[in-house]
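Just so it is clear, A, B, C and D label the chains in written order, and each chain counts residues from 1 on its own.
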Amino acid sequence: MVERSQPLSGDPAARVLVAGASGFAGALAAEIVWNHPRLELREATSRADAGLRIDELYPRYRASVEMTELDIDAVEHCEAAIVAYPHHASAPVVAGLRELGLLVVDLSADFRLRDPYVYREWYGELSAPALLGDAVYGLTELYRERIREAELIANPGCYPTATVLSLAPLAAAGLIADVVVDAKSGVSGAGRGGGDRLSFATLTENASPYGVGGHRHEPEIAQELAALAGEAPPLTFVPHLLPLDQGELVSCYVRPSREVSASELRELYADRYAEERFVEVVDRPPSVREVRDSNLCRIHVDRDAGGRILVFGVIDNLWKGAAGQAVQNLNLMLGLDEGEGLR
Amino acid sequence: MVERSQPLSGDPAARVLVAGASGFAGALAAEIVWNHPRLELREATSRADAGLRIDELYPRYRASVEMTELDIDAVEHCEAAIVAYPHHASAPVVAGLRELGLLVVDLSADFRLRDPYVYREWYGELSAPALLGDAVYGLTELYRERIREAELIANPGCYPTATVLSLAPLAAAGLIADVVVDAKSGVSGAGRGGGDRLSFATLTENASPYGVGGHRHEPEIAQELAALAGEAPPLTFVPHLLPLDQGELVSCYVRPSREVSASELRELYADRYAEERFVEVVDRPPSVREVRDSNLCRIHVDRDAGGRILVFGVIDNLWKGAAGQAVQNLNLMLGLDEGEGLR
Amino acid sequence: MVERSQPLSGDPAARVLVAGASGFAGALAAEIVWNHPRLELREATSRADAGLRIDELYPRYRASVEMTELDIDAVEHCEAAIVAYPHHASAPVVAGLRELGLLVVDLSADFRLRDPYVYREWYGELSAPALLGDAVYGLTELYRERIREAELIANPGCYPTATVLSLAPLAAAGLIADVVVDAKSGVSGAGRGGGDRLSFATLTENASPYGVGGHRHEPEIAQELAALAGEAPPLTFVPHLLPLDQGELVSCYVRPSREVSASELRELYADRYAEERFVEVVDRPPSVREVRDSNLCRIHVDRDAGGRILVFGVIDNLWKGAAGQAVQNLNLMLGLDEGEGLR
Amino acid sequence: MVERSQPLSGDPAARVLVAGASGFAGALAAEIVWNHPRLELREATSRADAGLRIDELYPRYRASVEMTELDIDAVEHCEAAIVAYPHHASAPVVAGLRELGLLVVDLSADFRLRDPYVYREWYGELSAPALLGDAVYGLTELYRERIREAELIANPGCYPTATVLSLAPLAAAGLIADVVVDAKSGVSGAGRGGGDRLSFATLTENASPYGVGGHRHEPEIAQELAALAGEAPPLTFVPHLLPLDQGELVSCYVRPSREVSASELRELYADRYAEERFVEVVDRPPSVREVRDSNLCRIHVDRDAGGRILVFGVIDNLWKGAAGQAVQNLNLMLGLDEGEGLR
């Protein structure tokens, strides 16, 4: 008989619905909930793959749960939901779940941009504007206290997670005169269903920039840098696709607003993240594989001979960049230990 | 200005149509024809990608030719065609081109199986049975003289090419009591359009058997072993998918019908392939990358302590396993040097 | 401060030495012990990398333990050891540790072959013949009861683990007339220090057979098949190197001693492994990635149209094929739950 | 019998020695010369692999030439040499060959930096300072006329080749106020012999920055930008290692000295490279695989909403970044067509 990898310790803190469990982020969210010692995976839904079990679709996962079509009656037995739908499709579902009183972590972009005009420019019309004011941006290390009180979390994009964590100490200190972010991501960041563009034959032994005309994660990064620094510094953001599955590296090149020494930089970062269990400041440039399948972000800061500040941050785009951070946030919303069920 | 990589030497030996030029094998066939010193790529067609140039769809290729929808008037300016359509779709197109008098090399399975009952069992109803008798099986090293006279070539599948070349000397010598073929292929062998099953995220760091219930290349291998040996020996054929793009390795395990020494085996293979420029018998197990982007097949034969014969063969599935061999055959049909335009 | 990922629950069941912790298998063994809820990683040693911490050498691991040179005084504070030395180097160290009374799991080949003449043929002179009789072959699913009582475990090689688990039900039922094992392994199976032969530039987009003249895991497989079947069936074993890191697939082709139906086969395997938590019989061919970073072995059995039995087994060569199984065995020796600390 | 892939057309233009033919760049240089219609590969030397044939060491190559130890008598039958030694080791060999009157293309860094003080700072003491003044920097598209007359070429590094070609139009137009170069390279750029650092197990599914403290290609880039612009603009250069074999992508982020439109930029690049056969200006971001195994450099220029100029350039680091460009230069020195023998 298939069983949870660990028994629930006492009553579950919440029965959880994962909506959109057949995509990469949704499936991992369901898997983490399945293995979580205090959560119960009550329902996992999928439009395209209803009827399949998660561990059939992804045989490396253990969640032996048959996916269903989203059904409001089943939902009523849940106290919380993680929604992994595409933008636009997500907002109405989130609104429905909120009406039923569920705590919701939304992985889409629908509630990430606080300014509806910016949302409209990048994504088109907002579908649930009334909820926008309720949503808390779920970059845990920046908004922890508000997340504890929140009922709706807009879980950040993978690039904003890595980039904002890498730049937050500089932005808060007013040190960024301008910044170039050269981001590199594994293929899973693009999700399922990419067809030939994401096929092995296309991507092996290959690498290229994409989204050069403007990537939708850029306004999200700008919003958070502005929140930290007072106003957004000039930002150039270019993502690149790498021949690997899970993992993301952001290389940030900052022209500082004043001269700053390497030791001052190291101290700034060490202080900022001293108490954070999922952010580690390291003394050499990190590589993406060292955080694979974990909720960690590792950051290295340095400056070059010309005085430019270099910051390198790595995450697993599906963990800290999506499903891992979603559970980290849900733990906080439920009053649990933030790291429960996470590596 | 984009130009052919080498100028045609004098009048072309033939103006060539490549039908189905947007798939992996068709595109490479078009590219080889484009670079061929004696052939002119007159037309390249595609149903789904008409309007695109081949070098736009595959930026690593040089063929600066806009793909069109197949049009019988354009075809009339051609003397030869390479058809890279799926089975069933291919036969009617081949029939039409043959009526117009074009020499045709067909990359599909539609004319490979000489016994229509076997075809029906594996693929369903035959669409152009009248042509079946005219088609010559295009494994060049086995049927060279008939290919020179042929007007329609059934170009072999990639697995049959590697397997039959690896086993032909044994089969012809009546040495195969039974044989297991454990085949391993790169992803391009599965063609375009495989969706999530062929995505990078699915295949990287992965490997698995597939088609275990019976792969369509099995009757083709059996047919050719029977032609060589008088009757087909018991055959087990299992393909595996590897995390690489182009390349194929067949590991053949033969229980011999009589005891045979390693030196006798080496001599048998050396003799059989001494005059072949695209088949090389080597004295160590080959690796797939050493024949990548070439029309070569490399073969190593050995026997183990228990007396079993081991044969390892490698090809590039898109070259010798498809488009390269197609041009090799077309060269012969046109009276050209067999290796013209091939690496 | 760096901490264990989970606190020890009460007193440790044993303080453990990992000798040879800088190699792939040794480092993973140390990492598993570090994260184990009932074991304490007391010492990790390395000849070449003493002074480095394990998590410096392998930044994806958490074991924040500085490796030392092996020192008999430090050892005295330990009750158990996992030794990950090369063959020949291992036996004297094992002998020394046994004299001090430590329980030992040895990852080398030094105690795997029960017949010293066979050992000599494949590896040369035995260094600690006196201990040979004490060693229990650590294929957990075959020797569980003896492992519970053992003080010295000869942990199996990765290929024998996957192959013998895949063939054991057939061997025990006397069903193997002869067998071909076409094995495929990721690169980590070859260990560190392989130089250009194991470089990324050599192996990417590549695959090849190796050890064709006879691989040292062959006598180990033969020994275990003989133990199960009464005598060893004719065996051909050929390993292949794949372009992936961790993972191993064995494709076993069995000529049966009598006709056997697919349903009989499925029942045989389902019965044999019904109670095993780390062996899963699955109803489709498995892929290597689905057991990555886990101690699982997944097996699929089928027969082809010609009556040959096909068995496909996958493991992670560093987990079930080395360090994971070592801890599984150590758990049993210490009276702990067999799966403690393992995924 | 093994033969050259194409017969020499008439007398060779030169008999060529390749010194250091067992490394990645040297072996490819030998292979290109071997296949070159106007050059004869007279000698290939190697310190570590003398006695081996190039096509044994690299079975994907065709050059059936046994490598020898460097011997001055053999050299006397040659008119030209390509030297692929490490820096410091190269200069004395180059000096010896020049004394014998051979034309030399040197792949090392020993003659690239025109200012001996800069060389000393990055590499240590110069070994053949007398020759420094004779060497022409072999970035063909910048120094073509001087290369035709040169007897000693300092062949550029791979990063400088891609970067300087990508930035030359901007530098020459005085448009660079400052520039960040985020470079990404396949593993072959690091050469043979990297041990565990370059092993498949280390690099698969991984990516990281390296040489963050200052990479030796940085002063070479600065030198050439200064030569074009009058003085070197502020430059930040950070290379990253990608999990692929051959291929290099430079992403250049330029703060312009004045506002410049996208169309002006496109025109600037189109004009600069209109006559260049190995530099192609393309209208979408290029990917590394599209220039693999070719001597091409493809460049795309754009500007973002904030006015920053983005330039992306791709090359094959072993072709245009090393051996291909070496033969391109040798062709010019010998009065041959620049593209002879190159793809």
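Methods note: contacts are C-beta pairs under 8 Å (C-beta built on N, C-alpha and C of every residue); 3 or more make two chains touch, one makes a residue touch a chain.
If you're wondering where the values come from, they're calculated on a predicted model, not measured in any experiment.
Q: Is the structure still one piece when chain B is ignored, or which groups does it split into?
A: one piece
Q: B-C or A-B: which has the larger count of contacting C-beta pairs?
A: Taking the two pairs in turn, the one with more contacts turns out to be B-C.
Q: Centre to centre, using CA atoms, which chain is the farthest one from chain A?
A: Max centre-to-centre separation from chain A belongs to B.
Q: If you average the CA atoms of chain B and of chain D, how many Å lie between those two points?
A: Their C-alpha centroids are separated by 37 Å.
Q: Suppose each chain is reduced to the average of its Cα coordinates; what separation in Å results between chain B and chain C?
A: The answer is 40 Å.
Q: Compute the distance, rounded to whole Å, between the mean C-alpha positions of chain A and chain B.
A: The answer is 46 Å.
Q: Hunt down the residues of chain C that sit against at least two other chains at once, touch-wise.
A: Where chain C meets two or more other chains at a single residue, that happens at 204-205, 243-245, 286-287, 289, 292.
Q: Show me the residue ranges of chain B that touch chain C in the complex, using the header's touch definition.
A: Its residues touching chain C are 178, 180, 182, 184, 186, 204-210, 212-214, 234-236, 238, 240, 242-247, 249, 251, 253, 255, 285-289, 292, 302, 304-306, 308, 310, 312, 314.
Q: Spell out the residues on chain A that touch chain B in their complex, using ranges where they run on.
A: 24, 187-188, 192-196, 198-205, 243-245
Q: Hey, which residues of chain B end up touching chain D in the complex?
A: Answer in residue numbers: 5, 59-60, 204-205, 286-287, 289-293, 343.
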